[in-house]
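Both complexes shown next keep subunit A, but they swap its partner, so subunit B is in the first and subunit C is in the second.
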Partner chain A sequence: MWKTLGKAVAPILRESLILTPENVLQQQLRTTYILKRRNSPFLNKNGSLPKRLKAKHYIYDLVEDTNVNREPDMNVILTTYVAGLGDVGDKVAVRPNYAYNKLLMTGQAVYASPENVEKFKDYQSNIEEKTYSSATSQRAVDCLSRVTLSIIMNKETPWVLKPWHVKASFRKCGYWVPEETIVLPTNPITGPNLELENKEFFVTITVNNMEKVNVRCKIHHWTTEVVDRLPHEKDFWKKKLDPVFSEDAAILAELTPNKGLNADQ
Partner chain B sequence: MALISRGFSLINRIQLPAVTQVREYAARKGTRDKRAKSKVKVEVEKVGFIPHNQRNREKFLLSRPKRKFDDSWKQLPIDNVYPQRYYQWRVYPFQEAILCHRETHHPEVYNKPNSNVHITIELNMEGEKKTRFVDNFTRIAPMPNGFDHGEQRSIIAFTKNEEYQEQAKALGATIVGGLDLIREVQNGSVDLQEFQFILAEPQILAELVVLRGVMRRKFPNVKLGTLDMDIPAMVKKFMNGVNYTGIKDEFEKDFGIIETVIGTLDMNEKHLEENFASLVEDVMKAKPKRPGQFIRRCLVTSPPSREKFKVDHNLYLQQEHSETKSKTEEVEAVAAAN
Partner chain C sequence: MASKALKHLRRFTKSTPLERGLGPMLPEGYKKFYNEWKYSEPAAVNYVPENQKWIRNEVTNEVLPVQDVPLPLKYPKEYDEQLWGGEAVVQGFQKRDMFLRRNPHFWVPPLQRSVVYSEVLNKHISVIVTRRAIQLINANYGFDHYLLKTPACDLKSLLPLGLKRKVLQELHKGCPSYADTPDKQQEIFSRYKTYLSAYTEEEIEWYGYSLKDAIKKYEDQIKAATKVTPLKTIYRAELIEKLKTAKIDEANSEGLEVAGSTWMQKMNPFGKKQET
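Right after this comes the complex of A and B.
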């Protein structure tokens, strides 16, 4: 019975209509293990037959298993703008899996082979009016839009809010914002004014002379003597505050920390 | 089984060999050693009660975060406005770092314009060999633009030159003298233990050797910086200079740190920069003779602000090694002549 079954099934197997393991695994196995002999073999004289290796020469120590090594980054040339990587025509190095699945398959990039490098040498963006200034500018804008900046000002000395105060406050919380990029509200904010403690305003930051982002700000009054200091406010950014200038109320309501905040929070 | 029973029944008539094999010669050395080892009594040490937070100290220390800082894997910023956490630390020019601190200490903000300027220097304490490390060192760095460090320093200076004696006294040395001072010390009227620093010039070194036993580690030598021809400059350095210690981490032995104050925020930025330069130069004198960097990173801080600004120390490294070499040769030559 088995003989006839084999004779009947054989042509089907030959035609590969049934997926058997032998039919599927036709690929080359590219696994390389780097080994080192524990006992060095004999040196051979020139011209003589090589000496026979003994059993001890076939004992190896594993030096490197290439399967577990990290694959080197792959170079690709972008054909579209990709946030975080670059603009059209940029040659970037990314992980091979990411390059294949997200860039090459989607058509956002091509392999950086010598022919492609030559072909895409002068490849530039066709878009006349770019909405992005660089690969990382959008990330900077996103981060800043979520910030509620705490501006520390003195409780005793009279002051007028200037761009350098805002720049220093940004620097303290980990943002590099030069003075030229900061635009303060049109009406000056002076102090010390304790009514400002429960009020908010916004400043406009310009990234790369292109993208603009409004950042919500709050003034805290500080004094050197610990005794005279105002009590610590926990999670001040979660509180819904009144605007310093009533005309800004609409814009302040739109700023991300304010969305979803209740008046009583 | 049948064989053994038969053996027992025959034992009265025939002397059969014993079941166990007994050798007439000594066993193999390895076997003898094993036997001797198993006979040695291992004394179990009685360890007392260890509180829960002190147990498994080695395991805890292994998982401690490394104090060495490395952000070379991060990118450099390309935009003019950016969140600093995604990029390498910004390297400030020294004067800009001071101005940034002045912004936060301004009367309109923190209102502390005269707070101290602290310098933190992180070191690579690897010695000539990778497993040997530099010892903790305490040095005095000369400050070209003085400031009140608040320490009281007692200095005794030995010099034959009358002019130098006057100048040293004017600069603030506690006692200055020549051969007569050496005699006083030998008499016992002057106690050397009272003094922190003992300075001398090479010309008087021959006579000073008599007191070597009393002075011990404080004996003037070039390495410590206490042996030099220019006495007034040395006195000035030890009076006004900044005393700092390079301490290596007890677990992470190749990481060392120096924390000092080099001035106040209301001093001129250029003066502070000169002070910083001389501190860096002095730190490099304690460098071990091996290739590779000694100073990993320099940070400028000013409390009560918690901001740290990274400063490039490489701008202030300029042929220190050749300078010190020539100096030692000079001093040795003079000492030999006398």
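Right after this comes the complex of A and C.
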């Protein structure tokens, strides 16, 4: 191909370097069946007609099937925030199919060509206010907004709900939430109070000092006395509950409903 | 020289499509494209070309001459509607065992439907592609760069060649698809304008047509340029002129002019009134 390229576009080659293939194709591109003759064809004489190929010259061996080779990762520059990947101007290395189908064709990214690299070089440093704190922050927010947190409290000893209770309950669910990021409802929640069993409220979590997310919570009373324990409630997150504080009803209704929550329940 | 001439004496050189029929009449722009398309050497995709003239046998140290004889390739009918990135079908034999007869085999590249985006045309196009085609697009940083950088002999199929013509025409007009956003229009044009210098306006107009389509386009152009007036109209005008010079009153009368405009005339598709 490059042999004939010179002939086809000779006039520009002298003017500009844009048509030179070296800066574009760093590696050889062979993504197909590469075949080889088992029997080499007859030698042709100079200036005479080429000799006819015989059936044996059509016996091919497969040298390489490049369709089964793993392609290297591809560099793209994001033009929008992509959750779990990066913010605008970030150069990310992703799998080629994902990059082409999900990022480039949807316009969420551009090729990491020298021109684009230059264009997005100082993009992040020039932004005055960031919309997202990190690549995965939005994913964390989405994750937390789907949770219904069961806060396990004592059934016998009196208590007032504190952030460390919430932190411990989060830890039981597999979320590491620092205490200072938890904001409880302004009115204190005290117990033991068995009426709270069928009611819900929300706490506000701040991710990376930036994104705020409300998490649906429910108090569950527990005791060491086996006979006094409340019966096990199956799939408690699927039940629709009343708010502890009636002024929170609107915010609780807006929260992402749980998976499997039926409207009629 | 004489011996060489003698050697070639009995050889019949077959005329090329550009040398017979309407071929020689086609514009130079098309001839240039046709030579780039058909008579340039495409890149070796399905085989490893022999670059050296001689090869040494590693065991015996014997030096043997080698010649590069490309594998014969096949291009199915669908090839012209798809984007194969230089790949082709190879028909041959597999010999799977020493004691087995050779088996016929077709090596066909795996095809998939995908989307390509042309920045100049500002369009997403759904096409059937090979993995190689997508890789070439990625390696060239975009479909437009791939089309404009690749010579016709490697694009080969009529679909990318036609798209290349459209892209070149769009660039030649200064990207009218971005007319709403002048900044963007300027950016796109300056990104691709380098490619325009390789083509004249005529070459752009005639780029990427098959020979059949080019001949049809040429014939249509000739047809449109030569307007044929039916002889009856000419003779009628001449007769009226003669009558006028002979000072015959009926020549100036209304009846002669509107003779044909009856309702029957309107029904008759061939009775369209000609300007006299």
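Keep in mind that, in the parts below, the second predicted complex is superposed on the first by the 159 of 265 C-alpha atoms of A that agree within 3 Å, B and C clash if a C-alpha of one lies under 4 Å from a C-alpha of the other, contacts with A are read in each partner's own complex, and residues count from 1 in each chain.
Methods note: a residue touches a chain if its C-beta (ideal position, glycine included) is under 8 Å from a C-beta of that chain, and two chains touch if they have at least 3 such contacts.
These numbers were taken from a predicted model, which means no experiment stands behind them.
By the touch criterion stated above, A:P50 is placed in contact with subunit C alone, subunit B being left untouched.
In the superposition on chain A, A:V226 makes contact with neither subunit B nor subunit C. Look at A:M153: by the touch rule set out above, it reaches subunit B but stays clear of subunit C.
Of the two partners subunit B and subunit C, more subunit A residues are in touch with C. In the overlay built on the shared chain, the residue A:L35 is in contact with subunit C alone; subunit B does not reach it.
When the shared chain is aligned, subunit B comes close enough to touch A:I205, but subunit C does not. Of the two partner chains, subunit B is the only one touched by A:W176; subunit C is not.
In the superposition on chain A, no subunit A position is in contact with subunit B in one complex as well as with subunit C in the other. Contact residues of subunit A toward subunit C in the complex are 1-5, 7-9, 11-12, 15-16, 18-19, 21, 24-25, 29-38, 40-41, 43-44, 47-50, 53, 55, 58-60, 63, 67, 71, 74, 96, 99-101, 104-105, 111, 113, 115-116. Against subunit A, the residues of subunit C that register as touching in their complex are 4, 7-8, 11, 36, 40-43, 45-48, 65-67, 69, 71-72, 85-87, 90-95, 102, 105, 107, 109-110, 114-115, 117, 124, 130-132, 134-136, 138-142, 145, 149-154, 191, 194-195, 197-198. The touching residues of subunit B, counted against subunit A in their complex, run 77-86, 90, 100, 103-104, 107-112, 305-307. Subunit A meets subunit B in the complex at residues 133-137, 139-140, 143-144, 152-154, 156-157, 159, 164-165, 167-168, 171-172, 174-178, 181, 205-208, 222-224.
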